[in-house]
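Going by the order they are written in, the chains are A, B, C and D; count residues from 1 in each one.
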């Protein structure tokens, strides 16, 4: 038996399960290097920080999505919940004049409640997450329009200070939203790796039937991940409303796809059970850097922009695939 | 449990069954495939709702809404198919839901330490931090058992835990079971191995066609009686089983080998080996758990790509690009893990059976429906698949019947080499004899068979030649003559000498 | 001084003649109108010898903000953009101001209270366009008393042109109770949706007198639906649209549309002029209105041969 | 067992019931909803509209069904719709005589050829390279839209070709041509999947990929075919849509079609996880969606509340479809008889239909 275990430990190198993440990270670095070589101002570290500033809300949303996808589910409602949050915050703050410390928890609660509701329907009535969250998407977007169809500016002092204050170190700066997003990532990484909730999430993604038969709290976990996703969407919405200082029913259209793409590019399997929040962070950065590359170039027409985004995505995923396949 | 009834659409799985389980006993639940054993267990632990009847635990009426609740009430279960999460590590699979924590934070290192200790108790020495899916089915079964016994429960339910375990692992399991019994745990045990029943159990309850036949004290029941109770008729089966002769070696004409593996190997899976298989020959593979039998079979079939050596078919080297090319050379492979590598659970019995045959013909040439029905009916009868409904969804079949469906899929392709990896896993004795007879008949008819089974007796009974594996090396090839028996093979393995 | 952009400029590697670098963030390419707008800007930038950094926001405000931030990073001389919506620009505009980069708005205003955040705004007034459409209708039905049944094809729900064109039109006709909007639905600014919605309108409402479409494309789709129902567009049902793209003008000249309010995308030359002025430190008016007109069927016939887009 | 309860157990019972209820509910607002008349020598009426506008969606959903059955998903269909419409219209606009039938045929063949190529690309990424389907097709979803706009140069190409117009807006023997095309494709799809072994092989690949591989199924080839079929269907839909309005809009044609198509498939009872699929279910699902859209337009729901209505209907649809919802609701109502009646060979009907 001793040789056997030797063979096995030789086969499963400790870092093997992190390989996709490492591959993504190195490709990302490569992409940044190419950008820095081609565009003068690209090498500036502030460009990287700007990617964080510009994608903090997406990051938070994608973290929530990671939980859902890890269970093998999907949440299409995130973009709409983001929009609803901005709209709700704006209308409560500006049209009702409610104070920020009431509005903030309230909108987070609304987002979580929506997620909770969808989770319950998905679990108890055994309906595919795709349609339930699609209905949730229609609902949240529809609620936005019932609040109003035009965009509402926010000038609540708290919101404005969150939007415009900068956390500086030397000549570089980030926005408070970035700090919030990073904290969310850290908490999520901890929850997934070190708590029962996190491990149950992976277990359900691995095999839901087994998870049930192993006596894991499937109901609680499934509902919890959709609630988390709802919460993260709402938090993302708050960050977006910091970013934009406005509420609008057409904000974050299609953000669910960005979030899903970020999660999947980060190496998480859409079938569930495998992936890391760190990967999601990298996925968001990949999308952000691609976009930055294109604005720095500034010569592409609208359609070439799309084609180039697709092509870069393709090259990236192809390389990622090649690297991980060879090492396996 | 009293008066339990459970009905699925179209099938009465249990009708008015009484069952009791006392503390400090090992109680065997017996019956043919599809008798309702697993259903009884699932009803007891709340996986299914009961239509009728009552469950009493420690004198109080209970009705669980699911395994979680049953676990809280002190019932720990290993369900029939390995129900673990393949994407998690071995240690996690053992401890998930009960991880050692400090301030809510899971203590990974402690968990892995304890998992390793626990598996040592079952004499299993593996890397517990590796993903479960990298291990063979047998190891997974052991892990599931480890999980169940570590939940210090009042009741331990084991549904066919030994179906792919070797004698020594079974021995370890029994040791632990006896220990738990001493501690007053009530153990419910399901198996199709009659000798195991008589070794370990105190009492036996027999089910037949979803009805209770009776409850017996093991000591007072003879083997013959038990079989009689299970199948409900007199026992030609068992007699046949005993009188089956060893296959006659001499009768085989040796021509050109059908299949010849030359230094075939794959890094990390199995060391390069040589093996020849002739037409009409049954070659058995023997070895301990994880010795590489499955790997040998998969390499020959091309399910995994070999990175060394070559394979000759009819004396000509062939490039194995995957199962497809193997099938092109009339090689068939019935895999050990029917659930992940065998059946398509949502499809019907008919579709599963004709699948491989259809795959060879390609999608443009469907097998005419009439022919499908003929073939399927023939094998449903031959293997006694129940329910005998070709349109039943395979997911809803009992474990043993699923195995028969998988077997039927490959038998109808009429290959020249049939690779059977644990084909009798979870199959009742009646059907097992039937399958053994079939294999013998097929080899008489000229089909070569590579036979892998954890049950050494079975290998000995069927094979002309036995290849012995140890630690992923093929160490010996023994002609199955009169001198060879189980002990001799164990000796060979133990000495590790290369022949 | 306003003119701080010079010192830091130079993302272009070519030294020598100091080319003005203009960062322009376009909304997207969601319609022919928008593409014409983009083209006009690109062409006139080339003509004026201005280096244009163009980016397409795909109808997303966050993308526009990202682009503007990236222009600040690249230290362009001037930033111009067509805001997707009015609100939510203060933060990034402040950053631009801090970096001493002047900003010009095109096509649409922002609702910022701090007007120092941008130099000038050049573009159309959507409410005004709606009003013009309403005015024509009021004049057309002057002196008649029976009710006029109007159906409206709105633009994308929530978008500024849809909101404003609806409002302007509604305000004008509200004065007279004989005008009744009996159905109003979004056609997403597209021909296909315009046709589909109009089909449904025709089934549900037997007598429609007037169709008001928020852009030409929806109007053109609706015309097909009307013809399919065996009615004559422009005669049985009077049609008013906004934009005046070429296909629309053709239909107007053919008598299938009755009135088009122009919304000109050809801002390029005017914009470049402003860019040069701002860069040179000259004072510019805070609001530059593009010259826009309206077309009747006769006017359309006259100008059709000379339309550029 | 009565016929009704037997009917109720049919896979398509609930989707059909929902469709019927949705259609009937129109009567309240529009009494003439079911009126179908012949106008100008062709059928005319709301029901015909539903079929006509539903045809492209049915096609796209049909292709999507096969892709989903293999365990994949195709997000690029909307872009393929746009590309094919754009290519065909561009080609026609380039030729001297837009009304030449030959020229139109060439354009159609070109466009559908390109669609097959795009499907091949998707299939290659998924089956050849092994990229997760959602991300593999996302590439074409993003880039394809750009491609379509590249073809149209960002403008809307308007053409004036009566043969081309037949595809999306024509009538044959009073029947709308797009509906006839859709019927032909449905029949072909049914024959292709159920008369050959393709359907079963697709289901087995989607049900358990590894087991299928070991059973010797060429799953790559099957997946490739599924993606190509999906793209072809999307291509035909693209032709219909552009022909219907005689113009190609690279940016808006087929926008968000993928969501509607997936929704149709899911409402039709096919699981997104792959395996068993139902073409009939998909067709009904697509009709439900189109009926909903038409209903919203017809009864005059204000655009701001359209989405709320959609959310409501989708929720109700999926709740009613869910067996466990019906069971739970009925259990509550039925109060569970204390002793179930004598066991018979048949299972008690889980659903009761209020007749």
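FYI, contacts are C-beta pairs under 8 Å (C-beta built on N, C-alpha and C of every residue); 3 or more make two chains touch, one makes a residue touch a chain.
These numbers were taken from a predicted model, which means no experiment stands behind them.
Undergrad: Check A-D against C-D and say which one is joined by more contacting C-beta pairs.
TA: Contact tally favours A-D.
Undergrad: How many angstrom lie between the centres of chain A and chain D, each centre taken as the mean Cα position?
TA: 30
Undergrad: So what's the Cα centroid distance for chain C and chain D, whole Å?
TA: Taking the average C-alpha coordinate of chain C and of chain D, the gap between them is 34 Å.
Undergrad: Could you state the distance in Å from the CA-based centre of chain B to that of chain D?
TA: About 43 Å separates the centre of chain B from that of chain D.
Undergrad: Where the centres are mean C-alpha positions, what is the separation of chain B from chain C, in Å?
TA: Here the centre of chain C sits 71 Å away from the centre of chain B.
Undergrad: Taking each residue of chain B in turn, which ones touch at least two of the other chains?
TA: Within chain B, no residue touches at least two other chains.
Undergrad: Which positions in chain A are in touch with at least two other chains?
TA: In chain A, residues 145, 149, 301-303, 305-306 touch at least two other chains, as defined above.
Undergrad: Of all the residues in chain D, which ones touch at least 2 other chains?
TA: 149, 154, 303-304, 306
Undergrad: Hey, which chains are touching each other here?
TA: Contacting pairs: A-B, A-C, A-D, B-D, C-D.
Undergrad: Under the touch definition given earlier, write down the residues of chain A that touch chain B in their complex.
TA: For this pair, the touching residues of chain A are 1-5, 7-12, 17, 193-196, 199-200, 202-203, 205-207, 209-218, 273-274.
Undergrad: For a test of understanding, state which residues of chain D touch chain C in their complex under the given definition.
TA: 29-30, 32-33, 39-40, 44-46, 49, 53, 149, 153-156, 158, 169, 241, 244-247, 249, 251-253, 255, 293-294, 296-304, 306
Undergrad: Over in the complex, which chain D residues touch chain B? Could you list them?
TA: Interface residues on the chain D side: 195-198, 200-201, 203-204, 207-208, 210-218, 222, 275-276, 340, 343, 346-347.
Undergrad: Residue numbers of chain A touching chain D in their complex, please.
TA: Going through chain A, the ones touching chain D are 76, 121, 124-128, 130-132, 134-139, 141-143, 145-146, 149, 257, 260-261, 264-265, 269-271, 301-311, 313-314, 317-318, 321, 325.
Undergrad: For chain C, which residues count as touching chain A in their complex?
TA: Listed in rising order, the residues of chain C that touch chain A are 11, 13, 23, 26, 28-29, 35, 38, 42, 52-56, 58-63, 65-67, 69-71, 73-75, 84-88, 90-91, 94, 111, 113, 156-160, 162-163.
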